[in-house]
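Multiple structures are listed underneath, in structure tokens.
In the two complexes below, subunit A is the common chain; its partner is subunit B in one and subunit C in the other.
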Partner chain A sequence: MTRPAFVFPVLVTLILVSLVTGVASLGEDGWWLVFVSRLPRTLAALLAGAGLAVAGVIMQMLARNPFVEPATAGTGQAAGLGLVAVTLLAPGAAIWLKMSAATTAALIGTAGFVALVRRLPTGDPLLVPLTGIVYGGILGAATTFLAYERDLLQYIDIWMSGEFSGVMLGRYEILWIGGALTVLAYLYADRFTIAGFGEETTRSLGLGYGQVVALGLVIVSVITAVTVVTVGMIPFVGLVVPNLVARMRGENLRETLPYVAVSGGVLVLACDIIGRVIRYPFEVPVGTVLGVLGAALFLWILHRGPRRG
Partner chain B sequence: MKRTLAAVTALTLFAAPALAETTIETATGPVTISETPATTAVLDMASLDMLDALGIEGVTATSNTYLERLAPYAGDLGTLFEPDYEALNALSPDLIVAGGRSTEAVPQLEKLAPTVDMTMWGDDLLDQTRARLAAFGALYGKEAEAAALTESLDAEIAATQAAVEGKGNALILMTNGGKVSAYGAGGRFGWIHTEIGLPEVIEGLEDTSHGESVSFEFIRETNPDWILVLDRVAAIGGEGESAEATLDNPLVAETTAAQKGQIVYLNAGDIYVAGGGITSVLNTLEIIQTAFGASS
Partner chain C sequence: MDRLFSTLSVLFITVIVGYLTIDAKGHWDFVLAFRGAKLSALLTIAVAVAVSTVVFQTITANRILTPSIMGFDALYLFLQTALVFFLGGFGFASLNPFAKFGVETALMLVAALALFGVVLRNAKDLARMVLTGLILGVLLRSLTSLLNRMIDPNEFSVVQQASFARFSAIEAELTWISAAIVVACFLWLMARHRMLDVMALGRDTALSLGVSQDREVRRLLVVVALLVSVSTALVGPVIFFGLLVSALTYRIAGTWRHGVLLPVSALVSAITLVGAQTLFERVLGLQTSVSVVIEALGGVVFLILILRRRAR
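Up next, the complex of A and B:
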């Protein structure tokens, strides 16, 4: 039962590796460099990874399906749509306005997805992720259409492909909002676990199902929006990490959420380190590395059969 | 069959003296145009830049030209990537000039009107600029103007070479919101290194259209004497974090370029959207010359 604990030493090792990996050499002003560049980047990767993994697990509870995540169920696409809309309506808008627009759009988009999923016939577990992919595709198409009309197509690439190359002190701090929400998710972990059993069970236990769902939607949407606005969309984290953790430790979120968060951070940080090293001194976006690694992990999960519990 | 052939021959013979056939060099080889185009649809901003410099009339362009000085030519011909075929059909121009971002549309465009692909790309960009100028000059009967522009190009290159000589090395960066990519001598802005003899701060930057993604640590470590910057978001008319804001950070501040005030902001529209256009190149050379000339 203690097997997943190995992620903690891995985490410490990766943080150390991350702090010494970079283009600049750590000389006399090494500590300064670590403080200004390495530490922010390390924290950004950990916060984004932890947030997206937790957002993924909450979405899976709300949709009652292990194969959805923000990037494939319309949340990321809706956040992108909000960003494009605010760019068209108010170019040069302040970061908080962009973030609010992205969050609001993500909230509406995710609520739409959850509403859609609840009307689906139960029985076929693949129906939910397929619906998510189609739904995300439609939202993505709307974004593309808007951007296409105004020749902004390449402009939205900035947000849709996640990378940490621009991260340094003063340029990632919004991600702490995602970190705070991860903690909030932990405080409400029991309720999400119960919500994962469905509306009737939840109500029979005397919990307001609507409130739990609403809280979940807010957490998922804000985490996705802050990630998209600061570093861009990072695929697979929300899908792969919760599934791997559930395989080892089950689905009691009170117990597993710390592992989900830490493993998400570990996965993204590892991929960012790979991206920093693979074409040194140039960078490969973390989204690209995760696209390859995440796809491989996902295939492995599918191959290993359904998760326990 | 024989009759048709005879008719064609007769027609050709009859028509021949009236035609001013011109064969010009394009990106896809020589193309023969049968008469001087009175109306021209332009989907490539570098070409539009040249036609503007040559003073060609009857030119209509895409709905957004991205460059203020070319805005008067803006029409309703779609975007740089996606031509509006119906509008083009309605316009029925004598010639369509495509290239660069619209190059994939050429087979479709050819069905509507005679089309030339005037794409310019690669590290011998300025040779292509000269070739395109000569081609447009010949096509529109503006050989003298084209020759004069080529001369001023050569003069400006020589002056810029003199200005940058012995002033140190440089790194060409493109900012994209908060992210930065670097370009080398083999890339799309490589002519700045090769043609004016400005040394690269680091070799081996690959020829990718959007450069090599780099970190601010990279910039600090390579420590260029000069940084030449273009702001991609500004070039494509978006508003967001500007290049100045992106580079205003403690890591870049440690470079020689920043400490000596040698960060040069190029006109992104000129170099990114209409790269290789004659006025664009002259403007860019002017900016570099002024910046380097001012340093001692």
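Up next, the complex of A and C:
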């Protein structure tokens, strides 16, 4: 396990498994089925997983804390709140409008979290995720409140629990925006690594700290919003993957970011396949599978301590 | 102290009268009987949550922890679902309700003692412990929903019916058993309020004063688990309600004595819950489940406690 290059053969295997797993058998119309449903679903899982893992690692650099990710920092919940708000104000809004509302809300929500974290003294690193979880809980309660009053609860439930069963050709392409941002994050990887050393170090190296943070926030928010709007919230990917990769490869983002992205995609795709077969022919949403697996991994990381490198 | 209790009692009576009478249309005997049943359920929950939280905070010597934050509620729901999963919907439904509650509570006690005994032993690192509790809650809730998905769709309705009602729709049959249990627990705890005072001084002091700390903690955890089972069976999981109530209680009571803390917390909890229910349902005409609003308020209290704790 010392060289994580093994994820690449795993990736190829999983893609093949994903393409042949499902209720409909690949008969005469096999190619059509693969092209319209299985391939988009596989790509969506990979894109969402890669995006969320990269968003997680960037958040960890910005918050200088290994225990945060978009789902434990209020980003996902804020995106959900934005969605509800736009659904209430303009029920028939086009998808791009919903997208922008979710992204804007995610940006504001994440900025709020960063502001909150700055008020926390640096003594105890675990206070940061704790605060984030509660902060996200409060945003989630606001969402539930609005949704309950307008009878949108079911609609929200479907939206907030990550699931790929509805993904088909034409219904996931927005996720490519997340893919593009993942590439952008790679181009700026060195700056995020430096920002991870803190504001003073960054400035003394001649970088605009504010700009790096702002860029990071935008990338994180857009990736999260894109995922929430298309497939729902998928917990723990952004948290578990970067921690495991950092354990094996250290924290130089320029070097580790491809591994983080690929491992994120692998994890989500694997969980989606598990969800498809565990109660065949019914499906278990990927959010639930990751809730179990991710939480267990998180507890393990938490109690092993954040040893790195 | 007398003024405190008389003020709280007046508030309590006002809230109860308000709940029973505001916006009542139709025959009084019908309205009162109908609302009376709901009211007794609300009071049962309020007392169970408040008292279990105060006792738990004394045991753990900490005012940020609550049984719900440590995942007790989620554990209860998980056990409930696991029972349906292994007994099947029919087996589960044909259990006598008393037997069912008994089995669930017994399982809950064993699991809670095993799990939280271990977690609480490493109580030095508070943030890590709270985080562990919260994530454990997430894990248990995900496991519950995973089991729900694995259960035969025909049997799923049994779980759904069994696993939770909201503050506004509560089963009458369960209420009376629960109320009796809560009253018994409350009286038992009140009888030991001096013991609790000593335990609040900390483990070492309590030991040197002749308290067999570990045995006492085990007993008290049993009562806490019992109270949590009762309230979760009635309304489902709440996370921050207990925290809200206990924080208010310490502020209002201004004492460490459990002879005062326990009844005050029960009163404060009842006033908050019934008052919120009256306000939202009757006065503002909202349908929102009160738990949502109370949870959000409790979350804010939690953040304030954490930020203030650090400022010192």
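We adopt the following convention: the second predicted complex is superposed on the first by the 306 of 309 C-alpha atoms of A that agree within 3 Å, B and C clash if a C-alpha of one lies under 4 Å from a C-alpha of the other, contacts with A are read in each partner's own complex, and residues count from 1 in each chain.
Note that in this section a residue touches a chain if its C-beta (ideal position, glycine included) is under 8 Å from a C-beta of that chain, and two chains touch if they have at least 3 such contacts.
Being a predicted model, the structure only gives us computed values, none of them experimental.
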Checklist entry - Mind checking subunit B and subunit C on superposed subunit A, clash or fit? => result clash
Next on the checklist: I'd like to know which partner A:L299 touches here: subunit B for first, subunit C for second, both or neither.
Outcome noted: second
Checklist entry - In the superposed arrangement, does A:Y135 touch subunit B (first), subunit C (second), both or neither? => result second
Next on the checklist: Contact-wise, after the overlay, does A:G123 reach subunit B, subunit C, both or neither (first, second, both, neither)?
Outcome noted: second
Next on the checklist: According to the stated criteria, A:Y155 is in contact with first (subunit B), second (subunit C), both, or neither; which is it?
Outcome noted: first
Checklist entry - For A:S37, is the partner it touches subunit B (first), subunit C (second), both, or none of the two (neither)? => result first
Item to check | Partner chain(s) touched by A:G291 [first = subunit B, second = subunit C, both, neither] | outcome: second
Checklist entry - Given the touch rule stated above, what does A:L184 touch, subunit B (first), subunit C (second), both, or neither? => result neither
Item to check | Which of subunit B and subunit C A:T87 touches, first, second, both or neither | outcome: first
Checklist entry - Quick one: subunit B or subunit C, who's touching more of subunit A? => result C
Next on the checklist: In the overlaid three-chain picture, which partner chain does A:G170 touch, first (subunit B) or second (subunit C), both, or neither?
Outcome noted: first
Checklist entry - Just one of 3-11, 21-29, 111-119 or 255-263 in subunit C hits subunit B in the overlay; which is it? => result 21-29
Item to check | subunit C-contacting residues of subunit A that also contact subunit B | outcome: 148, 279, 282, 284-285
Checklist entry - For subunit A, which residues are in contact with subunit C within the complex? => result 67, 116, 119-121, 123-124, 126-127, 129-131, 133-135, 137-138, 141-142, 144-145, 148-149, 235, 278-279, 282, 284-285, 288-289, 291-292, 295-296, 298-299, 302-303
Checklist entry - Any idea which subunit B residues touch subunit A in the complex? => result 64, 79-82, 176-180, 182, 202, 212-218, 220-222, 233, 236-240, 246, 249-251
Next on the checklist: Going by the contact rule set out above, which residues of subunit A touch subunit B in the complex?
Outcome noted: 22-25, 33, 36-37, 87, 91-92, 148, 151-155, 158, 163, 165-166, 168-171, 276, 279, 281-285
Checklist outcome for this item: Touching subunit A in the complex, subunit C uses residues 125, 127-128, 130-132, 134-136, 138-139, 141-143, 145-146, 149-150, 153, 239-240, 286-289, 292-293, 295-296, 299-300, 302-303, 306-307, 310
